[in-house]
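Presented sequentially are two complexes of chain A, the first with chain B as partner and the second with chain C.
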Partner chain A sequence: MPDVHSLVNEFVIKLKKRQIEGSKTTAKLTAELLRSFISQLRLPHSNQAGALIDAVKEVGEKLITAKPVELAVGNVVRRVLHIIREEDLSITNAAVGGLNLASESDDDDGNDEYDHPVLSASAVAAAARNALRPPSLQTLLDDIPHAAATPHTSSSGDDSEGKSKSADSLRRKLKHDVIEAVNELIQEISTCHEQIAEQAVEHIHHNEVILTLGSSQTVKEFLLAAKEKNRSFRVFVAEGAPRYQGHAFAKELASRGLQTTVITDSAVFAMISHVNMVIVGAHAVMANGGVIAPVGLNMVALAAKRHAVPFVVLSGVHKLCPLYPHNPEVLLNELKSPSELLDFGEFSDCLDFGSGSGSPLIHVVNPAFDYVPPDLVSLFITDTGGHNPSYIYRLIADFYSPDDLVVQRKSAS
Partner chain B sequence: MVAKKGSRGGAAGEDAGEELSRDPLQAILLADSFATLFRPITLERPKVLLPLVNAPMIEYTLAWLESAGVEEVFVFCCAHSKQVIEYLENSNWLNQPKFSVSTIESYNAMSAGDALRLIYEKNVVHGDFILVTGDTVSNMPLTQALKEHKERKKRDSNAVMTMIIKQSKPSPITHQSRLGTEELFMAIDPKTKELLYYEDKADTSKGTLTLDRTMLLDRSSISLHNDKQDCYIDICSPEVLSLFTDNFDYQHLRRHFVKGLLVDDLMGYKIFTHEIHSSYAARVENYRSYDTISKDIIQRWTYPLVPDIQFLQNSLTKLERRGTYRASDVGLSRSAKMGPFTVIGSRTTIGKHSEVSNSVIGEDCVIGSNVSIDGCYIWNKVNIEDGCRLKHAIVCDGVTMKSGAVLEAGVVLSFKVIIGQNFVVPAYSKVSLLQQPVRQDSDEELEYADNSSGNIEITSVPNTTDVLEELNTEVGGAGFIWSVGEKGLEEEWRHSVAPISADRLLEIIKSATDELDTSNEESNILPPSGELGIDSDNESDDGRDDHAHFEKEVEATFLRAIHENVEEDHIIIEVNSLRLSYNMASTDCAGALFYAMMKYAVDTPHDSAGELLKITNGVIGKWEKLLKYYLPSLDEEIEVILKFEEMCLESTKEYANLFSQILHLLYDKDILQEDGILRWESEKEQADESDKVFVKKAEKFLQWLKEASEEED
Partner chain C sequence: MWYRSASFILDKQEQQRKDAAESRPLSLVSTAMTENPGANVSMYYETRAAHHGVVTSDWLAQAQAAVAGNADDAAVENNASGGEEKGKKFSVVDEFNNWRKQPELAEAVAAIRALASVIRSSQAKTMMELEIELKKASDSLKSWDTTSISLTAGCDIFMRYVTRTSALDREDFGSAKSRLLERAEKFGEISYKARRIIAMLSQDFIFDGCTILVHGFSRVVLEALRTAAENKKLFRVLCTEGRPDRSGLRVSNELAKLDVPVKLLIDSAVAYSMDEVDMVLVGADGVVESGGIINMMGTYQIALVAKAMNKPMYVAAESYKFARLYPLDQKDMAPALRPIDFGVPIPSKVEVERSARDYTPPQYLTLLFTDLGVLTPSVVSDELIQLYL
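Up next, the complex of A and B:
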């Protein structure tokens, strides 16, 4: 136990000190931390799921407040909470099903396991999802047989009974299943780039011109995947002031044999008419389909809209945030050091508080992120496929349970 | 900081950790500044625990050291060591997994030198270490500087120290107004970055910088900078500690140690510099730099060490528009105005119609209505009643300001002071509940007196009760107003938090313009005299001072000429350049040069008046030509005689009896012509009796002159 706590503390300190950069790394580290936390947690005999949820919430609260601007932390915490709920329900369901010997949900379980023999826990979870909730659009479209909403009431009624029946084995099972499912989550986060890149050929065609801004790992793999499939296309890279990560990005693309052109951020509008598609990465995708992205992207999106160029955002599922951007608890931006913009020594005389009126004539503001409203986005490409901005809320309903949205609000008060 | 588990790699800090050698990287943090600039506050609390934007200064230093990959820190506590240790014990620092902090306590260390000697005795530092004071704010990565240091060390074992410097604007105003420090001159080898010369008190040497010519012996060029700022962050080899032990008179890190190493070429130890560009580093030296650095933090130059990022256990603070930071539980009245660049700590309440701008307000403060606060630093648990006005002041913990009280610019209120109703605290005054300790006379002692301030016995001899204090207590206040230091108001406005007023700035600019022209350039060739820049801040002085300086300069030049056998032509060039820079007439040159010669002659050891005459004869004989060069017309000759007269009256009375002989001598050598001498006599005829002493003395000679000329006719 103390070991886990020190792990948690260490991670919190790292987050606070901004030593962990990038939402993917953060998400993965958060998931791994929560896995070890759960595996070392001793659960009480009764109401295991509740205890587990409370414990995870407590840790999650700490992590979220450590770096509120990194929404991926909150996302992963909520995903884990969701997993716990799902596993709990599926176990209960299974127990109920086993007792009643004949239940629709049991059938579904069998079906699903048959379909995906490897992904047992997620299959169970999916089954539970099917069983206990109004059908998601995804499942409707995928034409997977789903259960009616009726078992919902019966299962909740039998909750306690099911637990008391085979408490011991179930307890072990819950923890085991949750850890299994978190492992899958980690797997999912680490493979999201490949999953997204697989879809590249469907979007990038011969002789197209693609524009991107700054540097993004997801975008790089996406472009390279298309290149590997022998698509020949050109890439315009806007340099992405003030960090100018676009320079290194262009260099890397060029070294992999992609025809690359570097432009300044301000030249985007001039060049956009030559461009067939804008492909960019994101910091987070909000529940309304809006995007929090590196600074400068709003301008690119507006230019793309003006010239009817598709604006495509690549985003791993861990970047899907169940919150809305107008939520006051959501910290949309972080102001970084002005030294990225201008040299302190050179401007120190203009930044002088000590002379004259006591306030400097130059202020430097260096926000890290932009907000791109959903109506400027044409398409989201996630690990699960391409989605319209208006569909994001359904996706979110698949991955998060509405009860967990409050993790953050609780912590703030 | 290295990630704890191998599987959890990818952290940004990890590569920094890996770059360092196998030895844990150590740092020595001096939690005592060994200076008195923060008095009276530091009488009650050590400087490192003073809040800087609502977090103790030492937090910034430790947080930076930790993130820069330092693994072991020794905190050296001296003044108020108990408080520092107690603070660290209550904080999280002592039980960090990969970052060990240990304290070294001392009661009698008087200076940084003493501290380092003590640490050497403890034998805890094994490898290269970082030497900082506990008031450093920085976000610089150490990796690069450390690498350079280690590589240099490998090549040359005498490279014992790397000093971190930072560019700043090469204007004395910036130095002055940003950090309140004097201009700093550094000579650096542009290729190797070796530090060759360090002078932070250039003013005392009055106008000239003297660089040793041997600096250029084995290098083709050196660059002289006045646009660098010393960050007081040093990467040292373990030899540094032993050096301090060997030289027990090293006290001050810069004034003694650095300068000592630079001057001493016997041991051949070298100091190098590392310049940082985009990252931030500065040290809180005085109230002015306290102000500047606070503002830099608020403007986020120190990112990630900024108020809304919880690098320590401070409360949740949110950054809002126009650079205002507000804790989540601030009670701000609806009609209160929060101006730009303001930080308000948690649980503080601000009443109706109050205005706060450019200020930092701590936790648990109660601020009434109609209060105006501008550019102030208000610490914790301060109570400010209705209608107070504060401008550019520092208000410590627990102060109470009764309604209507006013703080003028630059005021410092120490802990728990009470300011009475409607009382106006005059500008730049410092108020404390403790009485001002009796001043020592010696400047040097003062400098180091504070280190033991925790134990200092404050003489309880009641001061002559100040009128102001009485007034203050009458209206319900408590506290002693400290009298300003020996250096007077000058020092006060330099170091206070208040901005420098426009006319003061103008003054600095005026006195500095010439200086900028000459010393800013990187010069490869030194003028033969070794003078690089001529400090002409004497413009602010009056003419007489100017004159005196000029004479001194000429005298120094002349003496150098004698000792170094400089050719006459060179002296002429130098004296001419001095004349131009001091804006003097050619008559002044003649007078000054003559004065210098006579002074030299009289300073040469001699027994009797006869011998003196002989020496004078010799000197004048030797430098005849030079003197003549400056005597093209009668005016100059008269000036020389007048000068001589003046000397006889004032500085060198020995000549008084020899006046007539020397006059004769000068005549014989053709330095003075008879027309000149006679004109002098006629000029003197109108003067008072008292002025005619020397005319009378020379009467015989004059008589003879007149006769001689008549004969010729």
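Up next, the complex of A and C:
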């Protein structure tokens, strides 16, 4: 047990020191950490799901506060919480159905069994399913009465022996199922590039000109997958100041046989009329369809909109964040070291805090991210397929529970 | 080639000449409502103005007269139709009006309370009978005021809930009836809770040093601003006058009590002031299937200006205001007319645009704050589909 806590602390420190870069790596490491955490957790006899959720929330809160700008951490934590709730729900359904069916086992008539108990079980399941989905108009007038029905039916089962046996198997089953599901999640995160790249052929056609900025693993695999299918196209790569990752990216594409052109970021607007499509990666996708992307992409998106060029964003599902951005340019941005712009030696006299009024005359700001509003994005390509920005809320409802939006250990409800 | 002919003007002039020959011209347009209150004037907007506007006493007297006249009409109508339900029908509409007059109560809550009174006074012995009674009462309420969206939506949601509960459970009638009653009474709490949730959700979007433009008197919006002020947020509010209700005066009153800096604008000054605004925040009388909203006259105008100047527009609306309407243009809704007092007599030949509301299409709205969470306009139709499937 102390082993895992030290792992958690190590991870937190790495996050704080920015030693872990990239949302995919972060997501994978977070998922693996949570998996080890859950596997060593000892669960009480009753209400395992609640205890599990509380424990995960506690760890999750720690992880999120270590690096709030890295939204992938929060996404994975919320995914795991959603998994726990879902697994618990499916187990309860099976258990309730099993209990009631078992109580009528001496009844010879098969039809009778499915009539009465299944009705109440399905009512309970429907109620619990409603609780899992976000609050909706349908359930507006519903309230506690349905939740009260759940313990009632479970206690109306047979003798105590049967109950404790099923409770035991329940306990082991929940943890087992959750860990299996988390493994699937890790698998999904690892293979997101392949899933996205599979769709490349549908979107890239012959003799097209693609524009991208900087370097993105997802975009690279996407373009190479289309190349494999013998599509001939050209790529314009904007260099992506101040890190100039576009240079290395262009080199790699050229080494694989793609016709590449390198341009400066400022030249994007000039070249956009020669381009058929813009394909970029993202750091995170918000619930309204807005994108947190490497700096410079807002400019590219505006240029694309101006010239009616489709702006396609590739992102794995683990980058999907259920939060709505308010003031994302400030709150969801990271200011990196100004040394990437100006070397520490240059302008040292202007950057001196000791001169004049006590504050330097030159400020150097190096934001890492840009916010691209949803109306500038034409299409999102995720591992589940292509989607409109206005459809993102649906994906979020599939992968996250509304109760987990605020990851905080609730001391009092 | 198609081109407009001036015939519609000529036809109009002919019509006017005919009218002038037949009846006495009216000097003040507002007295037109005595003929047929249901068709010409929207009781919903009258009542809202009574709640929120700066009310003149004679205007209020007119409103009261119209209400009394309508209730009598309904009673007469039901007597003519016969049957022993007439007593209940009369009480439904009457009950509803009583509830509606309370300024803090939402429209849908008043409707559901009225339906609850139907359940209470019902003699039905089975769920089916009760459902039929409720359906009749709900239909009569809806037809009494066709312009109120919350009323229709409230009735629909309650009827939906009733049909769903009766289908699912096999418990005995008495307990089912009492549960329906209990949920109906609770709806008032739900509505209040909804306002609290919306206020909480909008807190993140109100940042220190922001300027908010507010239009119309919405209790939800006020709650949100009140919560922000209580959380010691520093913000400024620009508030439109809101002719003809002059709802802005009431809003500025309330905000001044909270020590929030308020600036009043006449409705025409919105574009002039839009560049200093950070966001527009309005309530809604109804949210339609496309994700657009129906709100007090002037909202569409403000939305257009905000879009042109790239300012976000947020709508605060409870989820029971979602309605199954899909207006294709401004005139595609049931007309809701209101008397407008210009202060001076207007010649009878001059027409007055008396519509009290307009429709704002979804592309001008950024986000909706509802008790179901923060939604983009496209989520609304999804929610409606789920409810009405």
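Assume the second predicted complex is superposed on the first by the 336 of 413 C-alpha atoms of A that agree within 3 Å, B and C clash if a C-alpha of one lies under 4 Å from a C-alpha of the other, contacts with A are read in each partner's own complex, and residues count from 1 in each chain.
The definition used in the following text is that a residue touches a chain if its C-beta (ideal position, glycine included) is under 8 Å from a C-beta of that chain, and two chains touch if they have at least 3 such contacts.
Just so it is clear, the structure is predicted and the values come from calculations on it, not from any experiment.
Contact with chain C, but none with chain B, is seen for A:Arg394 once the two complexes are overlaid on the shared chain. Within the superposed three-chain model, A:Gly257 lies out of touch with both chain B and chain C [touch as defined at top].
Partner contacting the larger number of chain A residues, of chain B and chain C: B.
Judged by the touch definition given at the top, the superposed model places A:Tyr324 against chain C, while chain B stays out of reach. Of the two partner chains placed by the overlay, neither chain B nor chain C lies in contact with A:Pro44. Using the contact criterion defined above for the overlaid structures, shared-chain residue A:Pro402 touches chain C, although it does not reach chain B. In the superposed model, A:Asn366 lies in contact with chain B only, and not with chain C. Chain A meets chain C in the complex at residues 119, 123, 126, 134-138, 140-143, 145, 287-289, 324, 326-327, 374, 390-391, 393-394, 402.
Residues 157-158, 160-161, 164, 168-170, 179, 183, 186-187, 190, 204-205, 207, 319-320, 322, 367, 371-379, 382-384, 386-387 of chain C touch chain A in their complex.
Contacts from chain B toward chain A in the complex involve residues 1, 4, 7-8, 10-13, 63, 66-67, 97, 139, 166-169, 171, 173-174, 176-178, 180, 227, 229, 277-280, 288, 291-292, 295-296, 299-304, 309-311, 316, 318-319, 323, 328, 340-341, 358, 374-375, 392, 498-500, 502, 505. Contacts from chain A toward chain B in the complex involve residues 6-7, 10, 14, 16-21, 25, 29, 32, 65-66, 331, 335-340, 343-346, 348-349, 351-360, 363-364, 366, 412.
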